[in-house]
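Worksheet: one structure, shown below.
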Amino acid sequence: MKTAMKKLLPVAASLVTLISASAFADYEVAIAGPMTGEYASAGEQIRKGAEMAIADINAKGGVLGQKLKLEIGDDACDPKQAVSVANAMVNKHIVFMHGHWCSSSTIPASEIYNEAQIPMATVSTNPKVTERGLKNIFRIMGRDDQQGEIGGKFLASKFANKKIAVVDDKSAYGKGLADEIAEGMGSKKPVLRESITAGEKDYSGLVSKLKAAGVEVMAYGGYHTEVALILRQAQQAGLKLQVLGGDTLSNNEIVGASGGNADAVMFTFAPDSRKNPEAADVVKRFRDAKVEPDGYVLYAYAAFQLFQQAATQAKTVKYTDLQKALAGGTFNTVVGKLSFDAKGDLKSPGFVVYQWKGNQYDVLK
Amino acid sequence: MSALNPHDPASPLLLEVENLTMRFGGLTALDNLSLQVPAGKVTSIIGPNGAGKTTFFNCLTGFYKPTEGSVRMHHPQRGPMLLNQMPSYHVARKAGVVRTFQNIRLFPNMTVLENLMVAQHNALQHASRFSLAGLLGLKDYRQAREAALEKARTWLTRLNLLDRADTVTGNLSYGTQRRIEIARALCVDPLLLCLDEPAAGLNPRESAELNELLLYLSREHGKGILLIEHDMSVVMRVSDHICVLNFGHKIAEGSPQHIQQDPHVIKAYLGEEDKDTEEAAA
Amino acid sequence: MGQFIQQLINGLTLGAVYGLIALGYTMVYGIIGMINFAHGDVYMVSAIMAVTFITLLSALGISSVPLMLVLVLVIVIALTSVYGWTVERTAYRPLRNSTRLAPLISAIGMSIFLQNMVQITQGARVKPVPTLLPGSLELFTANGFTVHLAYTQILIVLVTVALLIGFTALITRTSFGRQQRACEQDRTMTALLGINVDRTISLTFMLGAALAAVAGVMVTVYYGVVDFSIGFVAGIKAFTAAVLGGIGSLPGAMLGGLIIGMIESFWSAYLSPEYKDVATFVILILVLMFRPSGLLGRPEVEKV
Amino acid sequence: MGLLITQPKGAAQRLKDGVGAALIALVLGVPMLGLATADVGGALAVITRWPLLAGFVGVVFVGRLFFQWLIDIFSLRKKRREQARPAVAKSRPWLTWIGFAALGLAVMLPIAFSGNRYVIDTATTVLIYVMLGWGLNVVVGLAGLLDLGYVAFYAVGAYSYGLLSTHFGWGFWQTLPVAGLLAASFGLLLGWPTLRLRGDYLAIVTLGFGEIIRLILLNWTEFSGGPNGVNSIPRPTFFGLPFKPDSDDGATFASFFHLEYSPDHRVTFLYYLILALALLTNLFVSRLRKLPVGLAWEAVREDELACKAMGINVTNIKLSAFAIGAMLGGFAGVFFAARQGFISPESFVFSESATILAIVVLGGMGSQLGVVIAALLLVVLPELGRDFSEYRMFLFGAAMILIMVWRPGGIIAKREPTLRLGAAA
């Protein structure tokens, strides 16, 4: 026990300075998500949306007369970091959280927010997020089982005579979604059920497998980068492939990345809020600021509208009242009217199938 | 080549090498070598560089598997055993044949004392019941450890290293490191000690001490000593028996006096001219 | 049959890319005996630069594909070599005489640093380039499966073969190659012979980076999409390839790359793609159990 | 670019050196800072940022001059110090005192920061890494075996608890020894065929093994939950008293001690739990190090052949290091699963192994106290960096390089002898 234990002195010293730095005057609100790492582009969308929302709210006098101050937490989609971010946020006495983004981060982090009685609005789509009986969590987007079902039914009816493969990227999100799509297809059975490893470059093995099986449509659970690569490689191999995926394929990176094949991509997503008349003003200001408000940008904006309206109704940011307001109310946001069921899921999630056309996506009739 | 018989009742046969051959690809490093090493005597292997001396040690101690031939150790308690079929650590642990290295191989970041304790690993590990007794600090482990320290202290004293005991070995002078390596080998309790050029790099006073030590070990402790050495002042003074190698062949064997007069040896060592003339004559 | 040939072609291309990156690993390992974990990120940096310069040159109106490729290769190789040099100079040279693990850790730090540097300066979004060399040869059709050989695949394999031959000649025939091999054998002795060891090591790093740069440009052209996180996976695969082939051996690195490319290609086409990395590593472990120095590595005889 | 060994003296020389550095910075900076690509309507366009580049080159120039000046001063001092350094290994009692002081602080921390769960939770993370570092230290620091797949054993421990507790209702304390043994067996399984490989070949094999374990956990959904991981892992209880709000079904920690329920109780309890586990680990490893097996580990690291010549079965010694390191990693994994309540393969990726290895090497191989300091640095630095958002990992990478270059032997580079003749007498 001679070379015994150590730790505290420097941690303590450094953390004291860290903590004393946070102020008290304003309401602290927070976003959390992958600001670094592979999925950093989603984090960037959330940040842009949140920053605009906070600026707008503060310009109009803030919430209950207090200005909002935005804290940004980076979990890099790593569950362990997510827990750490959650603890840090609790310590900063935030009154509202928008996040996290990856379901695998949202699930462990939400337990900490729940214990600390902090309401949160998330866009994580994994069903488990709201299935654990936590009262503080509100999902402002649909669930994978809902979008999977819609996607699956769409495939089964529209491509009744074509061979369909179901592929996922082995992420919790991708696999969950792909399973739901396969189930949603009902009696139409996929000819192939495959998984790939995200983060690689070469999917020619998958492509030639699809080609050999005569697959024309691929249902995909996962992120847009892999879809873009698969499409490029399919084109190279002389395979005409259409893809249907989930909300993550709304990322406009897919247009350039798929090398002109994006038109073959369909995806399920909540109704496009950019076309919402109520969002027109906000959308314009995003575009003026050179930010295309696609993907999660408007959701982040909406999350703080939600908070502002709920707090105004409750006339306080105390958890019990705020939670009650969120659970019971209906809120007008740039992504439409939001209200929640007992689990905290959206009452009318409404998924729509979109297709990319050029560098825009459009509802597919 | 006189068939000098090293057997006498006071020095029983320890090691018996028969027809040992070691080939590396096309190169024959040892060619049909036979040799007997008794206990309580110093047997030296000499020969020019590249004669196969170190290869011979490597074959004895399990580092190389000889191509042909056998190396038999006559263990006084455990009976005969074939070293050429044993893994190297068994050679030291079971057969009691322990070597040193030509280019010193100490544990350089550990202290002298720690080096000596590592050498007693097997006994200590046994006493610690694979660490269990050691973790609990049981009495018989503590006693074994005391005994091991005592042994280390004895050899440190004998080799004049006591004041260096707590020094990191890597920082010590070459001559001191040589002595530590011998002390470490002695802590394994060898029956046969194989020393690979122990006098290399020693100053005259240190080699004189080495002579004395070798004689002490063989005479007082009855250890068999197998010595590879270039320093003839050491070899001639301490050897009971000398075997001369050249290009993997044994070219001569016998007492120091005998070897000093052997024409083959003189030729191998000095005789470029002799060789040329002989070859020309042939 | 058709699918088999197709996967052979795909595996060959993939293997060539792994091999190119592995060559850099193996050269660096050979000369200073360290695993350069940042090598994959140097490759990533070069791919990002390739995107920048392809975009820039097309904006400047260069439309000839061969001219564009040559220009981009030259620029990216030159710039990446400077990155390779700087990495060695700042993170490894000060550690040259310390323990074996110190440079390994500083390489891991360098890998994190480069990856995040690119993310900050170039953004996190994936970077696409338009398909430069579209089209492919239709080789034949068997059972309704048409085998395609893309022009970029031909390009990659040709470039790789040329580089392998060139580098082997460089190492075996030139005085730099002799100095390089001398440094591998015994750095102190080489220095005593009046050879500038620092310079030789720096040059080796630059050459390794140059090879990574070629791989980076090829990947950009072939796959068309790169981002700041591609270095890690590529680095691990190339490292595996280098070890499989016998680390320190140039042909070994290429062979290792090809084998891994083939395993991945065939495993994902005929078996389950999700276990292809498991297959790669299991084969690596098996090979090392029977050939502890890799396929073409010289068996290390410890001198007693 | 400021850390080179060359030391030009004259002003002209320094200036030249600074200009050289600035030139290189210019070349490096053009493609990364000067030029960038941005997405404009679905296609890329190049944007230029020359002022940024000019600023960077300027900073490098000035920085280089300044660093050279600093380095000249430091290297002079270092030389003087080295000349004064004696060869005999001196005992350094102050290290022990630092150890005890740190222990005292560790025990006091939850009291000093009561209610601040972020600090306590971060300290818990530090302690997990300290424990992992001590475990890996046996393998890398003592036995000198480069293990790049240590996270595999951590995963084995975590999944043992995750699965045994959710499927069979095993408790934390029941699982702990089982998970340790299981992890140790995995260590033997990996070590037995591969330990004869030389250093870097062993490294890649361990890396591969770590990946294999992760990929199996990821893909074998029926067994491990696949990418969804294992959810709702029970938290450890305080001798059977759960940390829950008061309810009708049985006593809770709060009700038993007549406290008002607070989630902080559990956080604090977890902290003390890992502190105790870490202390036990430390005690265990420090004792082992002084036993024959510990000495043999270090001897194997120093010179395998010499060990064989001493009659030591090197394979067994290496295996024992591997198994014990794995077992400690398994223990840490059990705690990790219990603390997170949720585990998935994402927590057991290669970069985790790299972090643990970095802790061991940065701390100074074989040094127990060094591991603590390095774990603190590597956990707290990124935490402090949270305010820097995307610059966080960038600075972290730079810090790793700087620390290594500054202290190539690790923060505590010097080895303490395990026994002394003086003390033993």
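For reference, chains read A, B, C and D in written order, and residue numbers begin at 1 within each chain.
Here is the rule we go by: contacts are C-beta pairs under 8 Å (C-beta built on N, C-alpha and C of every residue); 3 or more make two chains touch, one makes a residue touch a chain.
To keep track of the chains, here are their UniProt names: B = Arginine transport ATP-binding protein ArtM; D = Leucine/isoleucine/valine transporter permease subunit.
Since the structure is predicted, the reported quantities are computational estimates derived from the model, not experimental observations.
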{"item": "Chain of greatest Cα-centre distance to chain D", "value": "B"}
{"item": "Of A-C and A-D, whichever chain pair has more C-beta contact pairs", "value": "A-D"}
{"item": "Centrality ranking, top chain (CA atoms only)", "value": "D"}
{"item": "Distance from the mean Cα position of chain B to that of chain A, given in whole angstrom", "value": "72"}
{"item": "Between chain B and chain C, centroid-to-centroid distance (C-alpha), Å", "value": "49"}
{"item": "Separation of mean Cα positions, chain C and chain A [Å, integer]", "value": "35"}
{"item": "Rounded Å distance between chain A and chain D, as computed from the means of their C-alpha atoms", "value": "31"}
{"item": "Residue numbers of chain B (touch at least two other chains)", "value": "63, 101"}
{"item": "Residues of chain C touching at least two other chains", "value": "116, 119, 125, 128, 130, 272, 274, 277, 304"}
{"item": "Multi-partner residues of chain A (each touching 2 or more other chains)", "value": "36, 40, 170, 195, 253, 256"}
{"item": "Parts of chain D lying in touch with chain B, wherever the complex brings them together", "value": "87-89, 284, 287-288, 291-293, 295-296, 298-299, 302-303, 305-314, 415, 417-422, 424"}
{"item": "List of chain C residues in touch with chain A within their complex", "value": "2-3, 6-7, 10, 14, 116, 119, 124-126, 128, 130-131, 136, 138, 144-146, 148, 150, 152, 219, 223-225, 227, 229-230, 232-234, 264-269, 272-274, 276-277"}
{"item": "Contacting residues of chain D [partner chain A, same complex]", "value": "39, 41-44, 95-96, 98-103, 105-106, 108-109, 112-113, 116-119, 121-123, 125-127, 130, 218-219, 221, 226-229, 231-232, 263, 275, 278-279, 282-283, 286, 340-344, 346-347, 367-369, 372-373, 375-376, 380, 383-384, 386-387, 389-390, 392-393, 416"}
{"item": "List of chain B residues in touch with chain D within their complex", "value": "61-63, 87-93, 98-101, 105-111, 113-114, 117-122, 124-125, 128, 130-131, 134-135, 149, 152-153, 156, 162, 165-168, 171, 184-185, 188"}
{"item": "Complex interface listing, chain A residues touching chain D", "value": "1-12, 14-15, 18-19, 35-36, 40, 72-74, 76-80, 83-85, 87-88, 90-91, 104, 107-108, 111, 115-116, 126, 128, 132, 170-172, 174-176, 195, 252-253, 255-256, 358-359"}
